[in-house]
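Structures given as structure tokens follow.
Shared between the two complexes below is chain A, which pairs with chain B and chain C, respectively.
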Partner chain A sequence: MLALQILVDGFAVSALYGVGAVGFTLIFGVSGVLNLSHGAIMVVAAVTAWATAGGLGFGRYGGAAAGVVAGFVLSFATYLLVVRPIQGSKAIPREEKEIFVLTGTLLWGIMIQEAIAYCFSNTPKTVLPLAPGVMNILGVRTPVNEVLTAVVSWVAIGLLWLLVNRTRGGKALLAASMNPRGLTLLGFEMTSIHRKVWAIYGVLAGIAGVLLGAFLGVSSDNIGTLTASAFSIVVLGGLGSIWGSLLAAYVVGYLETLTAYLVAPSVRTVPVLLLLVLVVYLRPQGLLGRR
Partner chain B sequence: MLKSRNFWLAIIALIVLYLLPLGVSGYVLGLLTVAYYYAVAAMAWDLLFGFAGEVNFGPSFLVGLGAYTAAMLNHYAGTPIWLCLIAGAAAAVVGGVVLAVPALRLRGPYFGLVTLVAVLLLQNMIVLFSGLTGGEIGLDIPEVLSIDDHTNYWYALGFMTISGGLLWGLSKSSAGLILQASGQDATEAAALGFNVAKHKLAAFCISALFSGLAGGMLVFYLGTVSVGTVVDIAIGVQFIIAAVLGGRRTILGAAIGSIFLIVAGEILRPLGELSTFVVSAVALLVILFFPGGFLGALRPRGQG
Partner chain C sequence: MRAVPPRRGAAVALALPLAILAALPALAADPIRIGVIAEAATIPGAAIPNGAKLAAAEINAAGGIDGRMIEIVDYDNKSSAADSVRAFQRAVQQDHAVAVIASYTSEVVLALEPWAGRLKTPMITPGAASDLITHRIHDDYEHLKYVFHGYLASTQIADAVCESGKELLIGVMKAKTAVVLSEDAAWTIPLDAEYLQCLPKIGIQVLDHIRLSPDTTDFTPLYNKIEGEKPDVIITGISHVGVQPTVQWAEQHVPIPMYGVSSQATSSTFWKDTNGAANGVVFNMFSAPDVAVTPKTIPFAKAYQAKYGVTPSYAGYTAYDDVYIFAEAIKKAGSTDGDKIVAAMEQTDWVGTIGRIQYLGKDDPFTHGMKIGPGLISGLMVQWKDGKQVTVWPKEVAVGQMAFPEFIKLPQ
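This part shows the complex of A and B:
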């Protein structure tokens, strides 16, 4: 019984982690950016969904849609206002761009965090679940919302797969992550590819944020932890590898759920952190990473 | 030229800081005392990042190790303060070596994550063993450096002057130059016959030593130690922002940045919760438009 409970809960949490981390890894793979405002973008999506669904009367679906749009808009703003100016700056030496992008997005994330805390306070908020009620899976009573979280996450990941593998524009993204110079030689504009990947990232972060808000609830105080956990999942799976991130999301999701049920919820992140240190020491490229 | 100008600026600034207690209230002195301890941690971070080229996201790991070791020794064993400080610094150096081992093998983002994880693990351990460490609430310390504002101010300013002088001198020495070369192009530095691993390891130990001491001193000034004041990632981020804001690879810039952050936070206090927002926005603008930081903006054009 407990085993089944862990199996079901872990699956939903892992799917959610997966959709949150996939966008993060995509951005890194294609444009080499580690976006440390990731958690902030997710929380903005969730808070927007919460505020519009309840206060503005958009209803649960309207609110969710508004949340995804907010994630999309904010991701573009991050790219245009923070990342692109740093990448294009002549005053920053090329080998230091990376640390500047990291510091810049970190500061941007803190600004967003403070803005949310100021406008909506930092109390935890739970987004209206997309579907109410409880259902029975293999004898485990599971909220319908939890099932929906897993389903929506996997649909989003599936659509991303189709986009990347079956469309011309998507294949260009994949190519950009492998060899940007070759792609430029074929006549593709790198800036338009970067814009595209930030757009996709924004939608994915928005979906992840809304689902997270409905499933676990969010607070502006979680932003740092959210970014750190996406970062960990992505490094565990191998920076830039989408399948690696998904695999890592499941490893992390199940490890946390197991710890929470079998040991104590307060130490749920400790085994993950230890595993992470171990993997980074023994296999720095991550589970499925390329060198 | 830059060297001498920064040096004289620092001397003038220090004279002003040393004369300050004649004219300002104890409250301002208290603020600056904290700023000076932060400054040492930020300067130690700059030695690792600016010179050794190691992206350390967890300066508060080293600071926290020093702070908690010193605090727990004093709390449980009643060890004299100076011995606690030495023990704290030693613990931080051990932590520095632990970080140095992966740093010599891993590239930028991977090492960055290890340091981030180090902070999170330390934080979790402190909360997990809350019976011993006081957990989230923290631990109070029976002894403090002094209860007098002025005395505390002198301790902190003296500590910052000595640490800053040593770190700055080191960065200008031949060892500092080799370190800088290893940070920018490890292969070439090794090809020129320098022992990159040895220099980087030394940089980690020295950075950890000063971070740990700063943590210990801070704890004996505050009279309490808690995750929120010395370990939390937000604290580490503050050191990083201070160093980048003041101008990386200058050591002195880190001190200027720390004092600026604390003073700006205080001036903006009437804005309430928005003060952090404004400080972060200013820092972001500086990074976007003056990537060299405060000291870099002073530098004549066409240099560096």
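This part shows the complex of A and C:
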């Protein structure tokens, strides 16, 4: 019974981690940017969904849609206001740009965090679940919303797979993540590819934020942890590797769930961090990393 | 007489009228400043400056303290003890506050306590509950007598919950067993200790005692564990967490009722933040928006709601009372001197929004804590029902009966 419970809960949590981390790793793979405002974008999506669903009367679906749109808009704003100016700046030496982007997105995330706490307080908000009620999975009473979280996450990941493997624009993205210089030589405009990847990332982060808000609830205080957890997953899986991130999301999700159930919820993240140290030590390129 | 050199003479001539000009308004209406240090971004904390400002506005409208207006200077401590200490120092040394109302967090109040002593500035907490706050005053009265406890001590709160349990848990819910679930914090240490003693006394067997980390975001494993132990009720001690455990409890249809202390549930914001998942949660309060605990309770709750759009959290009621108590004490002392205010505070007999307030003396282990009992302050149990906080205990003041959402299975 407990094993089944862990299986069910771990699956949903892992799927959610997966959809959050895939966008994060995609951006790194294509443009070499580690976006440390990732958690902030997710929380803005969730808080927007909460505020519009209840306060503005959008309802549960309208609110969720507004949350995803907010994630998309904020992701684009991050790119245009923070990342692009640094990348295009002549004042910053080339080799220091990465560290500037890292710092820039980190500070941007903190600004967003303070803004949310100021406007909506740091009390956790919960997004109206897309589907209320509970269902029985092999004797485990599971909220329908939890099942839906897993389903929506996998649909989003599936759509991303189709986009990357079956469309011309998507294939260019994949190619860009493997060899950006080669792609430029083939006549592709990197700026437009970057814009596309930030757009895709925004939608994924928005979906992840809204789902997390409905599944567990989020507060502006969680922003750091969310960024750190996406970061750990991506490092574990191999920076820039989409499938590595998905695999790592499941390793992290199940490891956390096992710890929470079998040891104590308060030490939930400890084994994952230990594993991360081990991986960085023994296999720095991550589980499926290339570089 | 020695002649004043011409340049210095001009300076004196200029300075004198300026000094008089500056001194004049100070003489006429030098305001009395009260510092308010609170956790502005939390549900319980946000109500503290709001309640205090409401009281100050009323007192000022009625002429202030012997013609001197009260000015509330408020500081957001961002839930940090270090920020609170800095705010306290600033309030006293730079902003010249003569008294301070501080925080709903026990850890913060315990950190401020020695500073109230060092700076000889009266301080009251409208919401922290740890027994240590008053025990320390008892043990070091000479230094810490400046501190007053404007809310009940954890032990007293646990006793109030058990007292209500005789009727509601045993009588109405027919509960026989419980799991105590509380957050790991200073205020819950004495709370839990008292729960574990008083619950068996009223006939409820405690099956397990779980202390959760305030960082917890996924409560599923905890509920899973509790459900496996098959208690009739979950007795809560939560204040810094609230929204997430409540929402997950409702969403996962955990079939066990929650009963006890849930500070965030005391404000109407809670209903919105949980999207209504609070439905059925039973929590302790000492004043509620629908009960005339004293003739001042309902008018205050209404005025607060009219001004801020939500009902006050529990600490809003006490912060409001505390401003009045300080004002009375300053008036009685005829001075803003810390020691004189303390002496006057010890004589307090004030009917506030939460009851009749008197403080315990220096020989009581709860020095400067509030006296409780009939005619003074006594507990209420309130339940969230369809968007409203409904008082369900005690019988004399109850406006409704307990009812639970469908997923809750009460013992047969």
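Just a few scattered comments:
Convention: the second predicted complex is superposed on the first by the 291 of 291 C-alpha atoms of A that agree within 3 Å, B and C clash if a C-alpha of one lies under 4 Å from a C-alpha of the other, contacts with A are read in each partner's own complex, and residues count from 1 in each chain.
Throughout what follows, a residue touches a chain if its C-beta (ideal position, glycine included) is under 8 Å from a C-beta of that chain, and two chains touch if they have at least 3 such contacts.
Keep in mind that this is a model prediction, so the values were computed, not measured.
After alignment on the shared chain A, the placement of chain B and chain C results in a side-by-side fit free of clashes.
In the overlay built on the shared chain, the residue A:117 is in contact with chain B and with chain C. Contacts of A:266 after superposition on the shared chain: both chain B and chain C are touched. Judged by the touch definition given at the top, the superposed model places A:5 against chain C, while chain B stays out of reach.
Residue contacts after overlaying the shared chain place A:108 against chain B, while chain C stays out of touching range. In the overlay built on the shared chain, the residue A:228 is in contact with chain B alone; chain C does not reach it.
Touch criterion met: A:276 reaches chain B, while chain C stays clear of it.
Applying the stated contact rule after C-alpha superposition, one finds that A:136 touches neither chain B nor chain C. Once chain A of one complex is fitted onto chain A of the other, the partner contacts of A:99 are limited to chain B, with no touch recorded for chain C.
Minimum Cα separation between chain B and chain C in the superposed model: 6 Å. Overlaid on A, the two complexes show chain B and chain C touching the same residues of chain A, namely 117-118, 266. By the touch criterion given at the top, residues 34, 82, 85-86, 89, 91-92, 95-96, 98-100, 102-104, 106-108, 110-111, 114-115, 117-118, 224, 228, 231-232, 235, 239, 266-267, 269-270, 273-274, 276-277, 280-281, 284 of chain A touch chain B in their complex.
Per the touch definition, chain B reaches chain A in the complex via residues 49, 55, 102, 105-110, 112-114, 116-117, 120-121, 124, 127-128, 184, 233-234, 237, 240-241, 244, 273-274, 276-277, 280-281, 283-284, 287-288, 290-292.
Residue ranges of chain A in contact with chain C, taken from their complex: 2, 5, 9, 13, 50, 53-55, 117-118, 121-129, 132, 134, 141, 143, 145, 216-217, 222, 257, 260-261, 265-266, 268.
Across the complex, chain C meets chain A through its residues 40-43, 46, 184, 212-213, 215-222, 224, 242-244, 247-248, 251-253, 264, 269, 272-275, 277, 407.
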